[in-house]
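Next, two complexes with subunit A in common: one pairs it with subunit B, the other with subunit C.
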Partner chain A sequence: MRFWKLLRIYLSASLSVQLAYRANFLAAILSSFANLATGLLGVLLFYSRPEIKELGGWNLEGALMVVGFFTLTEGLISVWLRPNLTQLSEGIRTGTLDFLLLKPVDAQFQLSARNLNLLRLPDMLLGLGLIVWAGAALGTVTLSGALLSAVLYLSAIAMVYAIWFMLNTTAFWLVNVQNITELFQGVFSAGRYPLQALPLWIRPVLTFVIPVAFITTIPAQALRGELGTAALFSPLVALILLAICRVLWLRALGSYTSASS
Partner chain B sequence: MNAHTWRKFRVLMATQFAHMTVYRAEIVIWMLSGTLSLVMGLIWMQQAASAPGGEIGGYTARDFASYFIATWGTAQILVVWVAWELSFDVRQGTLSPKLLRPIDPFWMHYVGHWAERIVRLPLMFVLLVIFAVLTGAQYTTQLSHWLAYLLLVPLAFTLRFLLEYCIGLLAFWFEAAENFQELVWVLYAALGGLLAPLSLYPAAVQKVAAFTPFPYMLGLPCDLLTGKADLSDVLRGFFILLAWTVGFGLLRALMWRHGVRKYGAVGA
Partner chain C sequence: MPVPTTDPDITVRAAQLRKAYTVTEKEPGFLGSLRAFVRPNTRTVEAVKGVSFELRGGEMVGFLGPNGAGKTTTLKMLSGLLHPTSGAATVQGHTPQKRGTAFLKQITLVMGQKQQLIWDLPAQDSFLVNQAIYEIPDAEYRATMREFDEVLDLSGILSKQVRKLSLGERMKCELAAALLHRPKVLFLDEPTIGLDVNMQERIREFVREYNARFNATVMLTSHYMADVTALCQRILVIDGGELVFDGDLSALTSGPDARKTVRLQLSRPETAARLSTFGELIRLDGLDVELAVPRGEVSARAAAMLTHLDVADLTVVDPPIEQVIGQLFRSDKKPEPVKALA
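After this line comes the complex of A and B, so read on.
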């Protein structure tokens, strides 16, 4: 209950900050559309070539669903993870993390929920819209497929959160390294199109080393009805990552000595 | 260039280089995060390898590797973040001390970007060699083409820098210019040739792209190195880039003159 109340306060604070820069809003919507256009142009370029019938066994509608999941996830990162978690390294470097630790609320929760960049919300909506549109165009989506896909995507969100949080936690030891999460963004870029379109040697890396496949390709496969219950492996990976993330955070906090004192 | 200007340049270069070496870890991170062209390259390579004739639009898997590795390297030289810095400076008021110096802040940023390239170069070169060896990428052996590349890319960088500078200066009017910057980046990535060699684009998109400076900034230098463009293309591209550069140079001067008058000096 207390967490919900705090979330509401955080949300309204974020909203009032962003409404101060109204001219930015139009540009943000434009850049959301432009972002989506890049993803679409990329995928249409492949299918516009007569030599390419299918991209690693994916038809156009299926590939568009992957692009949709990618856009949605990028939007989620911009709206939620980037504005929050990048403040950790700044807080450690300057010592302002202390103020947060003094408050009687779990510090990880505060760090993870304080800010929302609502300007990037259109990215999420466009991504979601693309998934729905491509799913309808495909015409074979079943209710159970959609439910399975939703569960898998929730696990995917948990994985992205855990990876982002873990990368930021390294700031406790590597004080000088900001933007370390951009390394994940670099790898995640490989998730914008179906995994099977990539060369064979890189696919295991993107599945088992960095779970990019779980974030975009696998939820789309579930929507297409290609996955059985074996896909429930995904929530397990998510839970393990979340647990490691929490342990790492508590250990990091234990070794924190503060910059200001 | 007289002795006085040369001294200013040397001092700026030395201080900016020292500044950039402090951020070497971050420079490496940013360098490794720009993977869009590599991902696109891997997909095109895979598709070409599995296509019936082993090629797509005249590109074999090896041609794609050559093109996209060149694109990655060239895009590394064209990286510009000045819009973020200007936007931040205007919003936070940190522009004020820079205005007091007897030199336009433009030069500090411009030289700073070049100094960063020097820090970036060693690792970038190592990675380029590794990528090229792994994929068997092949490049032209004609010295004149490499010299033309070395002429074209600094001009392309200067143009991109001026373009981004103008976007950053929008902060005088709009307070936060970051989103405009993203919009232009998308155009640059899509029309410059990060997604595919421009000759594989639909004809309509190719026509639109020709009216923008982007294909000459990124696609043309890469085509030159892979042997898909010749010196006459470069000559044409060079003059187009030059015209755009002069245009944006004038626009920057105009925006700076009017913008500084509007500057509220927050926090001063």
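After this line comes the complex of A and C, so read on.
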């Protein structure tokens, strides 16, 4: 199919660009490890006190699993979302979005797939590794739990994508949206900790306003076998968000003014 | 409601196209910014005020007008980037703003001041992306590249990183990238801007060949008279968002009214009255002089100037486009008014 072919070509173009800047490579790998270390350090320090065995129902392995989901997601954002979507506001500001809109391929697809920052791939691998390790250490992971977790996590990614894309779409009216996406980034970093370990008042915010809980805590719970199928309404939320995102995008195109040149 | 096309030959049609931008204004300085932030001061700018015209298949038309006249805005509406505030456009039977696949595969928009090539990669890589996007079969892709190479001489520059190319080399690649899918309708917005005379000529040659080969419709804006005279018989003139002329260019460039500009560098100052005896005085700036003379009398007049004036240097050039357009509106030769479309 044409989309696959395009994805392949985008991938090889991204790769060529990044190979042209070799020095970045080492720096990126170091920063991946630093990211993971920050996440781990907080959790390990907390649980290092002998009187603490668990927090909000989460023992050390469970909490590490959450860190794993967090690292994986952060990696995905760095590899896929950030390099693409920062180009949206850039394209609107400078008018280069024009060329994308002139192409006979869905512009939202092009915008979402054109750039991949493969240098941050190690983040994803480290996150995935941590999830697997914590799951093995827990010893309670079942096949159905793993499947449910995968479905929930994919839905979570769809939500992150939709929210991030919508935030960037506001650039059509606001032009500069860097601060908004930074705000999202800030709130998202709360996902490093299990929801139940956070103050009570903030939990609804992180569940319903910005669904950080869906991204890390809930897939981890499912993997531990703690969640019923009730959690399956997560894909529904994802679909609704994707639909809203699409409508907003189409409306935005109508008011595109294409920076003058 | 688009007006139904009566003539099947019409490929581009604009019917009362209008575009108004909303702009926020702000006074200079920090306080101005703060005030604009609290209470934005918006204003509507009517960039295009109800423009109507039709282009026939295979026609090359020059789209002229002073800076800010609304040329780029019109081209962007015709290529589907901007939704018109009112009025309708039809291109190859499609409504541009719907940006349908069939429509987008038949058009291209080249903007001399913007670039689509991927900055950090060789132009070739961007071509491959476009090949996939437009679903161009390999054989056709190779054939097209061979043809383009013949006219544009792309050998050697395709494998160089785009950021290392000269302006002219980059423009050649931009053109090739924009025409790879062999569009039927070309919107070219100042494709020769900033290029030297040779490169301009090369680009013109390419557009001419492309038009002849594919019978493509070309709408071209430029601030260089030579681009327009070399390629277009018909011109559209837009001023202040309104179409003020739609007709033949030849009357201006080769008819009895056609003129040339003689640029003089004097060694001794002369009075305006004396200079005016050699032609219409357009500019007198110390020792720099510009005179407009009838095209047929250029050599005789130039000879007279050389004998009667202290001339350090003399060059004959095409008058700037703005002057030619200005000439259109002289009282003695009123252009036929643009006929309104039904």
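To be clear about the criterion, the second predicted complex is superposed on the first by the 256 of 261 C-alpha atoms of A that agree within 3 Å, B and C clash if a C-alpha of one lies under 4 Å from a C-alpha of the other, contacts with A are read in each partner's own complex, and residues count from 1 in each chain.
FYI, a residue touches a chain if its C-beta (ideal position, glycine included) is under 8 Å from a C-beta of that chain, and two chains touch if they have at least 3 such contacts.
Quick caveat: nothing in here was measured; it's all calculated off a predicted structure.
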item	value
Subunit C versus subunit B on the shared subunit A, clash or fit after superposition	fit
Partner chain in contact with A:258 - subunit B first, subunit C second, else both or neither	second
Contacts of A:96 with subunit B and subunit C, given as first, second, both or neither	second
Touched partner set for A:10, first subunit B, second subunit C, both or neither	second
After the two structures are overlaid on chain A, angle v-u-w for subunit B, subunit A, subunit C in degrees (C-alpha centres, nearest 10)	90
When both partners are placed on the shared chain, which of subunit B and subunit C touches more of subunit A	B
Partner chain in contact with A:46 - subunit B first, subunit C second, else both or neither	first
Touching partner for A:189 - first (subunit B), second (subunit C), both, neither	first
Partner chain in contact with A:241 - subunit B first, subunit C second, else both or neither	neither
Partner chain in contact with A:56 - subunit B first, subunit C second, else both or neither	first
After superposition on chain A, the shortest CA separation from subunit B to subunit C (Å)	6
Sites on subunit A touched by subunit C in the complex	2, 5-6, 9-10, 13, 16-17, 20, 95-96, 98-99, 101-105, 254-258, 260-261
List of subunit C residues in touch with subunit A within their complex	21, 72, 76, 79-83, 99, 101-102, 104-105, 107-109, 111, 113-116, 118, 120-121, 125, 128-130, 132-135, 161
For the subunit B and subunit A complex, residues of the former touching the latter	25-26, 29-30, 32-36, 39-40, 42-43, 45-49, 51-53, 55-57, 173-176, 178-180, 182-183, 186-187, 189-190, 195-196, 200-202, 205
Residue numbers on subunit A that touch subunit B, as the complex places them	21, 23-24, 27-28, 30-31, 34-35, 37-38, 41-42, 45-46, 48-49, 51-52, 55-56, 119, 174, 176-180, 182-183, 185-187, 189-190, 192-193, 197-199, 202
